[in-house]
Every structure is written in C-alpha cells, then in structure tokens.
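Each of the next two complexes has chain A plus one more chain, namely chain B in the first and chain C in the second.
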Partner chain A sequence: MTITSFTYLLFLAAGVFIYYLLPRKWQWVELLGLSILFYCIVATPYTLIYILIATAAVYFATAFLEKGGRKAATAGVIAVVINAVLWFALKGYALWAPLFQVMGITVKAPVAALGMGYYTLQAVGYILDCYWGNSKPLKNPLQLLLFLCFFPQMITGPISRFHELEDMYEGRDLSYQNLTYGAQRILWGFFKKLVLAERVGVLVAAIWGNPEQYNGFYSWIAFVAFPLQLYADFSGCIDIALGTAQLFGIRLPENFNSPFFSRTTQEFWQRWHITLGTWTKDYILYPVLKCGSMQKLSRFLQKKWGKKSGKLAVTAVGMFCVWMFIGLWHGEMKYVVGESLWYWILLMLGEIFAKRCKKWKSTLGITGDSFSWHLFQSLRTFLIYAIGIVFFRADNLKEAFSFLGDVGGVLIGRHFNPWVLFDGSMEMLGIGSTDLWVIFCGVVLLFVAGALREKYGYAREWVSRQLLPFRWLVWCGLFLFVVLYGKYGAQYDSANFIYQAF
Partner chain B sequence: MTKKEVFKIIGFLAVLLMALYGCSLICFRNLRGFNDHEDFYNCEQDTVDVIFVGGSMSYSGFSPMELYEKYGISSYNFGTSNQSMLAGYLWTMEACEKQDVKVVIVEAMEVPMSHGEVATDVRSLFSMGMNGNYRKLAGVYKRNALNVLLPVFILHDEWRIDGDTFRDEEDADYLRGFVPINSYAGEEYRESILQEDPEVTTYLNFTYVDKLREYCEEKGIQLIFVKTLMASNEVNHWDDGCHNRLQEYTEEYGIPFIDFNTAEYRNAAGLVISEDVAADLRHMNVDGAYKATDYLGEYLLDHYGSVLRQWQDPGLDTQTLEGYHKIMEGYHRGLDEL
Partner chain C sequence: MTREEVFERLNKVFQEVFDDETIKVNDSTTSEDIDDWDSFEHINLIVAVEEEFAIKIPMGKVVTMKNVGEMADIILQLGN
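So, the complex of A and B:
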C-alpha cells in the first residue's frame, strides 16, 4: 500500500469513520492502532522493534529528566546516543560501509525502520525540549509511541515538535472544516505526485539514464525539471500527510511555503523543508553558538577582526555544523561534500557581500520592489538551488560534476541543440505531447496556487471564500484532472516518494 | 457538523460522481476507436453467417466484403485492438443475439493475449464498442464491476482526443470491420517465425476459450481458429510454444486450426512473408488479407458449404459495394506505389 493508492484512501476513510464514533478520550488509542497497522502494511513489520527501542530509550530518559540532577543529564545523553547509533547503523550504511570495504569485508545494507530519519530527529528534539524545560515529559509510553510513529508523518515527515502535537491526545469533534480542508489538501498532494512528479520523473530519468545520448539542451531540461520533480514529489507527500492529519483534526507543521518564489538562498531554505531547517536551527545552530568555547572564540575574533567580522566568522562555524549535519542526515557523502558545502559557501558569500550588493544596487538604480528585479532574484535563487540539487540526483560526485559540465558546456556552444525542444525529440524521452501539455498546465496551476498563497495565505482558504459553484468547479476540476491525467492504476507502478529514502 | 454542511458534502459528492460518469462516457466513446462496429447493428437480421473475432490481426487480416463478393458468404469482422478472449466470447454472444451465426473464426493471437489481468480485460471490453448501454457489461464482468461502471479510473491514460482516436466513418461503413494496411515487411523478412519444434510448449489461459467452445457447441456453431501470418519473432509473441499448445487443444476437441505461419497453410494460401506482412511485422497487409480470406472462403465452402447460405442477391446495396471498391482501389494503389 502506498499513500497514493486506492487502498490507502479506504484505510483512511475507515480510520476517520471509527475515529469520530469513539469517545474523545479513546481517539488517540485508535490513532496509535492505525499507525501500527499502517506501519506493518507499508514497512517491514519486524523493523517496528527499532521504533519501540527508540521510544523506550526516550521514555526512560525523560522520566529521569523530570527528577532532575546529574543522572537526568546522563540519561538524556544515553537516550540521544542510542537513537543516533541506531540511526547511524541502519540509515548511515553508505557512510560506514566503505570502511568495511577497505578492510575487505562486504556488509549487506540493513533494513531500516520506515521514517527513521524523521522520528529520530523528533525523539532527539523531544529529549532536548524536556531537558531544557520546554516540554513536560509524557507519563504514558504509548502516547510517546504515537508521537514518534503517527502514521501520516512516517513516509517523509514533517518533523514535528512535541508542543505542536501535544493536544492530539485530547481528541476532536467532527468538524466540516477539518474534513473538507483535509480532503482538499490530500487531493492537492495527489495532483502534485501523480500528475506532475511522476510525469516529470519519466523525463528526468530518461535524460539522467543516458547522458551520452541526451546531452546539450537535454541536460538543461533535466537540470530545470529535477527541482520541479523533487518539489512536486516531496511537497505532494507532505500535502497528503498534512491533509490526512487534518481529517483527524490534527494540524501538522508546514514544510513548504512556495519556495520557488524566494528571492535569496537564505529565504529559500526558510521555505523549503521548513521543519528540518527549524530543527537544525533550534537544536544545532543555537546550542553551537551559545556554547562556552564558541562564545570565547567569538570574543577573541571580535577583538582581532572587529565586531562584525568576528560575529560572521562564528556564525559561519555554526552554519557549517548545520549544513554538515543536514548532509550527514541524508546519509551519503555526496550530500555532505556536494550539496551541503555548496549551499554553505553560497550562504556565507551572501552574508559577506550583502552590504556591497546593496551599494551596487543603489549605484545601478535598481528598485528593490520591481517585478523584474523580483523575477531575476527568484530565477537566480532557483539556479543556485538547481546546481546543488544535481548532487542529490547524481549517483556520485563524478557523475554530478560531469552533468554540470554538460549543462555549462551548452553556454559555450558545446552540444548546442536547442531544436530538440521543438522537433518532437522530447517524445523520445518516454512522454508524449499530451504529457508535455499536462506538465505545462500543472506548472501553471502550481504557480497560480503559489501566487495566491503569497498574496492571500492558503490558496484553499481563498477558494473557500468564493461562491459555491466556483468552489465546486475548482475541486471537481482538480479531482477530474488527477483522475484523468494521474499516473496510477494497474498499468503503473507509482514510484516511492524520493524523500521516503531518508 | 451542521445539517447544512452534511447536505453540502452529499451534494458535492453527487456532482463529482456525475462528472466522473460524464468522463467515463467520453472515455468509452473514445475507446471505441476507428473500428466500433456500429455498422453491424445496421445489418438486417439473420443475414450474417460467419463472424471473425480477435485483435488487430483479425481486423487487418480478414475481409468480409471479399468473402461476400467471391464466395457469396456473408460475414462480419468483430476485430478490435488488443481484444482478449473474454471480449471475443462476449462479441460472439452479442452477434448470435442478432444473427443466425453458423461459423465463428477466432484469430488465435487472442489466446496468448488473454492472461486474465483485470486492466487488460476491462480495456478490451471497452475497446470492443459493443452497442447499447455499457452498464450491462458490469453484470457480465462481475470481478470488478466498479471499474466497468466508472471506466475512467482504469482507462484514464487512454483519455485523449486526437485524430487517431476516432474511426474513419466513411471507410468503416463499407468494410464490415475490415481495416486494410498498405505496407510491406520487405525482403529482409522471408523466414517463418515458427521453427516447427513439437517439443516447445507455452502456458495459455483457456478459460474463455472453453466458454466460447461450450457456447458454440450448445448453439451448434462451428468454431475455427486461424492464426494470421507474421514476420520476425523479435516483435511478436506467437511462437512454437503457442502454436503447439493450441494445436493440442484443438485436436483434443476436434476444432480446425489453420496457422498461416506453418509451411503447409502458407503455401496453400500462396502467402509470402516479405510481400504479405505489413511493415510492423505483426499484421498482414491488404494483399495478405485477401489471400488469407480467399483461402478461408474456399475452406468454408468445402467444409461447411451445406450450412452456409450462398447470397446470390446482394444483401448489400450498390452504393456500399461501390464505396468498398473505391476504398480498396486506394489501398492497392498505395501498396503498389511502395
């Protein structure tokens, strides 16, 4: 069962029906039951033991934390280490397996728990929140288990914080708004995944799969299309997760906020995978910057290089830790060396040259609020993101650099073949002209929804303020669009979500 | 939740269902394709003696009009793209409701095509273009009635409106289900796809073959299996395994089986692979179709002449015959020019 299947919708419908029949105080028990059932259907059932170990470690640690004292801190550290080691052993295979290979030992990749990267961060965040006194430890271990394995967030997150979910144990009454908004959010997620991501994925896979044949402008197509595929795939899954949770009256944190409208790379990372960004900010960046040795270093550098440069240098160290962590969390060195390093360097350069850029802007008479300047900034941010994401798509660093070489080569006239965009060659990539139109319409729809969100908040809230016939037309139209042009059913094996791997 | 909100949800779902049904109708209409057999329903009652069922190899391989003009046998070709045995069986029953059918000729590629997948079966059902309300199919196809009632869920990828989707109305009215192809396999292909190895076997699903056989036995209809000529094993799924398995089956039940891929029948019909198979190497071209039809015409008269009516007085009007000749001249000219 995938979360885009008909079976999942039946599972969900039954779950929601029973949920609202139950007394409020028992509703969370049904959610726990559904989560375990979902896990056993979707993942390898025995790997549930890893979640149980993580839950037990967190439960006992937080129980000690409430008592306070030195033992509490030790218990907290032990629980964090247990979770980190479990994650590293099972999900960090690509990081440690090469060491064994050097010694001539071949180790098979272990089967990790579903959503391990996400629930491990939730567990660590919860321990730290309890340690810092931001959250009160749960008395009931089953409630803690539900917090860690709540089924909508098991596939690709979002990474929830305890204070965002602590009211889910109180139960909910049936609400029209929750039902309709939840269903609409799921439908939007289906549209992104089944109509857009799956279609664009065919194009991207064909070009990446045969770089010798598909070079020049083909590389540019894949270069531009992959960020779109990743966004549609990841945010589509998040939409389904958020919509599912809302059907039960639970609001999960947002993970995306129209990232391609961002003007700077910094802003982009505040709009893309938001929960991972805020997690690393709260549990890595701030603790690193606030620790004693960093404070000393900051004072030392401020004396030596001046206040601003000294502060910037310390921030750079903190940001470096954050980006290295993000790279490692993705589980392969290519993410660390390529993607993380690239964005860290770009962000730091942005900080260093921020003042000079302002000067250049005023010298050139550029108005900050003009549409064209905004468009230029958004395109520049997209380009920077697209370069970094090449390391995400490539199998290794060599392949990534070779692909980037091909993309750059077009600019200097190597493999100059722009006609492939118009002479029907695109249809050789496994998608027909109808598919290209569907992609075009889908992208326009995404853009319109993003623009509405920028201006009015959630697009569906804007729709809900319109007249009934218009609302029904919008949702019926979207439903039919997914039914008619979605890639699903017996003939298709819908691919897993890309971020499901983490 | 208030009563008003409940009604709103019910109203929305009703509108959605209607929209889905509307899309299903469009989907269904499109899938009927260029060969939707509406013309069959214009035939006078009890005027068709022989019917052909099968996939594209059937509709491109047998010409009812040739059979009529040369041998006086009135027939209709119910071939539809990727037709499975289930669809062939249903077409036979549909034809027998309107006509006093004496012989059913099955293009044998239907048998290995029928592997029992729900999607293939439903696709096949909807591409058959059976007249009347398709809801009755839901009753026949009990395994997945929802997909039949709302085929848009299973046929969504077929939903497109382009030139190829609709039949050529003018041609179809004069050909009685025959769809001629005018291209050559070429000199490169001269060898038969069959190696005539008796040891090779393949699993074939005979569920609906059995049903069709039993139905024909019950109605006193003669069943014949015919495999059209093909070229190159690389693109075709008909091989010694399929041939041997079907041969075994037909011998067991005393059903005639004519495989034009064997030297015996190919030579008897005067078929030549390089000249009579189309460029796609799967279907017979118009020349091949005429030779195969001629062979079948003689075969039918030899073996079942006593039960088949010889239609002296044209049941078909002059306009239809003239239209047919005009179309076929065009196809032959196209083939000659290659």
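So, the complex of A and C:
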C-alpha cells in the first residue's frame, strides 16, 4: 500500500469512521493501532522492533529525568546514544560500509525501520525537551510509542515536537472543517505527487540516465526541473501527511512555506524542510553556540579580530556543525562534502557580504521592494539551491561535478543546442506534448497557490472564503485534473517518495 | 529590580548587540521587529543579557522564548 493508492484512502476512511465513533479517551488507542497496522503493511514488519527499542530507551530515560540530578543526565545521554547508534548502524550504511570494504569484508545493507531518520530526531528532541523542563515526560509508554510512530509522519516526516502533538491523547469531536480541510490537503498532495512530480521525474531520469546523449540544454532542463520534482514530491507527501492527520483533528507542523519565493539562501532554508531546520537550530546550533568553550572562543576572536568578525567566525563554526549534521542525516558522504558544504559556504558568504550588499544597493539606486529586484533575488536563490541538489540527485561526487560541468559548459558555448527545446526532441525523453502542457499548467497552479499564500495566508483558506459555486469549481476541477492526469501504475512506480529514503 | 529597570537595561543591551541606538524594546517586541535579529544574533543577545544581569539562562528557555516580555520575566525570575 502506498499513500497515493486507493487502498490507502479506504484504510483512511475506515480509520476515520471508527475514530469518531469511539469515546474521546480511547481515540489515541485506535491511532496507535492504525499506526502499527500501517507500519506492518507498508514496511518490513520485524523492523518495528527498532522503534520499540527506541521507545523503551526514551521512556526509561525520561522517567529518570523527572527525578533530576546526575543520574538523570546520564540516562538522557544513554538514550540519545542508543538512538544515534541504531540510526547509524541501520541508516548510515553508506557511511560505515566503505571502512569494512577496505578491510576486505563485504557487509550486506541492513533493513532499516520506516521513517527512522524522522522518528529518531523526534525521540532525541523529546529527551532534550524533558531534560530542559519544556515537556513533561509521558507516564504511558504506549502514548510515547504513538508519538514516535504516528503513521502520517512515517513516510517523510514532518519532524514533530512533543508540544505540538501532546494534545492528541485528549481525542477530538467530529468537525466538518477538519474533514474538508484534511481531504482538500490530501487532494493537493496527490496533485503535486501524481500529476507533477511523477511527470517531471520521467524527464529528469531520462536526462540523468544518459548524460552523453542528453547534454547542453538538456542538462539545463534537468538542472531546473529536478528542484521542481523534489519540491512537488516532498511537499506533496507532506501535504498528504498533514491532510491525513487533520482528518483525525491533529495538526502536524508545516514543513514548507513557498520556498521558491525566498529572496536569500538563509530565507530559503527557513521555508524548506522547516521542521528539520528548526530541529537543528534548537538542538544543535543554539547549544553549540552557547556552550562555554564557544563563548570563550567568541571573546578571544572578538578581541583579536574585532566584534563583528569575531562573532561571524563563531557563527561559522556553529553553522558548520549544523550543515555537517544535516549532511550526515542524509546518510551519504556526497551530501556532506557536496550539498552541505556548498550551502554552508553560500550562507557564510551571505553573512559576510550582507552589509556591503546593502551599501551597493543604495549606491546603485536599487529599490528593494520592486518586483524585478524580488524576481532577481528569487532566481538567484533558486540557482544556488539547484546547484546544491545536483549532489543530492547524482550517484556520487564525480557524476555531480560532471553534470555541473555540462551545465556550466553551455554558458561558454559547449554543446550549444537550444533548438532541442522546440524541435520535438523533448518527446524523446519519455513524455509527450500533452505531458509538457500538463507540467506547464501544474507549475502555473503551484505558482498561483504560492502567490496566494504569500499574500493572503493559506490558499485553501482563501478558497474557503469564496462563494460556494467557485469553491466547488476549484476542488472538483483539481479532483478531475488529478484523476485524468495523475500518473498511476507500475511503470513509473509512484510508490516511491524521494525523501522516503531517509 | 523592577520591570521598568529591566527594560531600561535591556534597551542598552539590544542597542549594543544590534549596533542601533534607536532600538526601544517592549513586552511584545519579537525577532520580526528587529532587522538583524536572526538565529545567530539570538545567542549573542542571550549571552549579552546573561552578562548584563549576571544570570545564566537555561537552554530550555533560550529555545522557547517568544518575545522580550518573556525575556524580562525570565530575568526577573532568575535575578531575584
């Protein structure tokens, strides 16, 4: 069962029906049952044991934390280490396997638990929240298990914090708004995944699969299309997760906020994979920057290099830790030395030149609020992002650099073949002219929804304020669009979400 | 220490950290109201506040603090 299948919708319908028939105090038990059932259907059932081990470690550690003192801290550290080691052993295969290969030992990749990257971060966050006194440890281990394996967030997150979900144990009354908003959100996710991501994915896979034949402007197509595919895929899955949770009256945290409208790389990372960003900020960046040795270093550097440079140097160290962690969390060295390093350097350059850029802007008489300036900034941010995720798409660093070389080569006239955009060559990539139109309309729709969100808040709330015929026209139109143009079936395997791998 | 005194000293700290003598904070001031108040400056600000009031703000509070009003509450709680 995939979460874009009809079976999943039946699973959901039955789950929601029973949920609202139950007394509120028993509803969370049904959610736990549904989550375990979902896990056993979607993932390898025996891997559930890893989630149970993580839950047990967190439960006993947080029970100790309530007592306070040195033992509490030790228990917390042990639970964090257990979770980290489990994650590293099962998800970090690509990081440690080469060491064994050097010794001539071949180790088979282990089967990891579904959603391990996500629930491990939730578990560690929960331990720290309890340790810092921001959350009260749960008395019931089954409730903790539900927090870690709540089924909508098991595919690609979002990474929830305990305070965001702690009221889910109180149950909910049936609400028309939750049902309609939830269903609409799921439909929007289906549109992004089945209509857009799957279609663009065919194009991207064809070009990446044959770089010798598809070079020049083809590379540019893949270069621009992959960020779009990744966004539609990842945020589509998140929409389905958030919509699913809302059917049960539970609000999961948002993970995206129209990221391609961002003006700077820093802003982009506040709008893309938001829950991972806030997690690393609260549990890595702040503790690293505030620890005693970093403060000593900060004072030393401020004396030596001046206040601003000293602060910046320490910030750079903190951000380096964050980006290395994000790279490692993705589980392969190509993320660490390619993607993470690239964004870290760009973010630091942004910090270094921020004040100077302001001066240059005023010298050149550039109005910060003009549409053209915003467009320029958004395109620049997109370009920086697109370069970084080449490392995400490529199988290894060599392939990534070769692809970037091809993209850059076009700018100096190498493989200059712009006619492939117009002479029907695109249809050789596995998609027809109708598909290209569907992609175009889909991107326009995404852009309009993003623009509405920028201006009025959520697009669906804007739609909900319109007259009834208009509302029905919008949702029925979207439903038909998904039914008619969704890519189903085994050929493109719509089962796989890109971020499901983490 | 009264709340007014806390805000008077907080104004000085904010002006120094953000290099802007026009900054005046109140209960509802948040990072949205001050241009350079991002996650990096947040920690510099916290450290400057700790030095000014000779207190140690726990990590849990650093993470959950929503506005300057909450910051003042924590200072009063830890300082008295």
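Note that the second predicted complex is superposed on the first by the 497 of 502 C-alpha atoms of A that agree within 3 Å, B and C clash if a C-alpha of one lies under 4 Å from a C-alpha of the other, contacts with A are read in each partner's own complex, and residues count from 1 in each chain.
As a convention for this text, a residue touches a chain if its C-beta (ideal position, glycine included) is under 8 Å from a C-beta of that chain, and two chains touch if they have at least 3 such contacts.
All values reported here derive from a predicted model rather than from experimental measurement.
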item: Fit or clash - chain C, chain B, common chain A; value: fit
item: First, second, both or neither for A:476, with chain B first and chain C second; value: first
item: Partner chain(s) touched by A:164 [first = chain B, second = chain C, both, neither]; value: neither
item: Which superposed partner A:267 touches (first chain B, second chain C, both, neither); value: neither
item: Three-chain overlay, vertex chain A: chain B-chain C angle, C-alpha, nearest 10 degrees; value: 160
item: First, second, both or neither for A:351, with chain B first and chain C second; value: second
item: Chain B versus chain C as contact partner of A:485, first or second or both or neither; value: first
item: Three-chain overlay, closest Cα atoms of chain B and chain C, distance in Å; value: 35
item: Of all residues in chain C, those that touch chain A in their complex; value: 38-40, 42-44, 46-47, 58-60, 62-64
item: Chain B partner contacts - residues on chain A that touch it in the complex; value: 174-176, 179-180, 434, 468, 472, 475-476, 479-480, 483-491
item: Residue ranges of chain A in contact with chain C within the complex; value: 129, 131-134, 266, 281-282, 285-287, 289-290, 295, 298, 311, 315, 318-319, 351
item: Complex interface listing, chain B residues touching chain A; value: 1-2, 5, 8-9, 12, 15-16, 19-20, 23, 117-119, 152-154, 156-157, 159-160
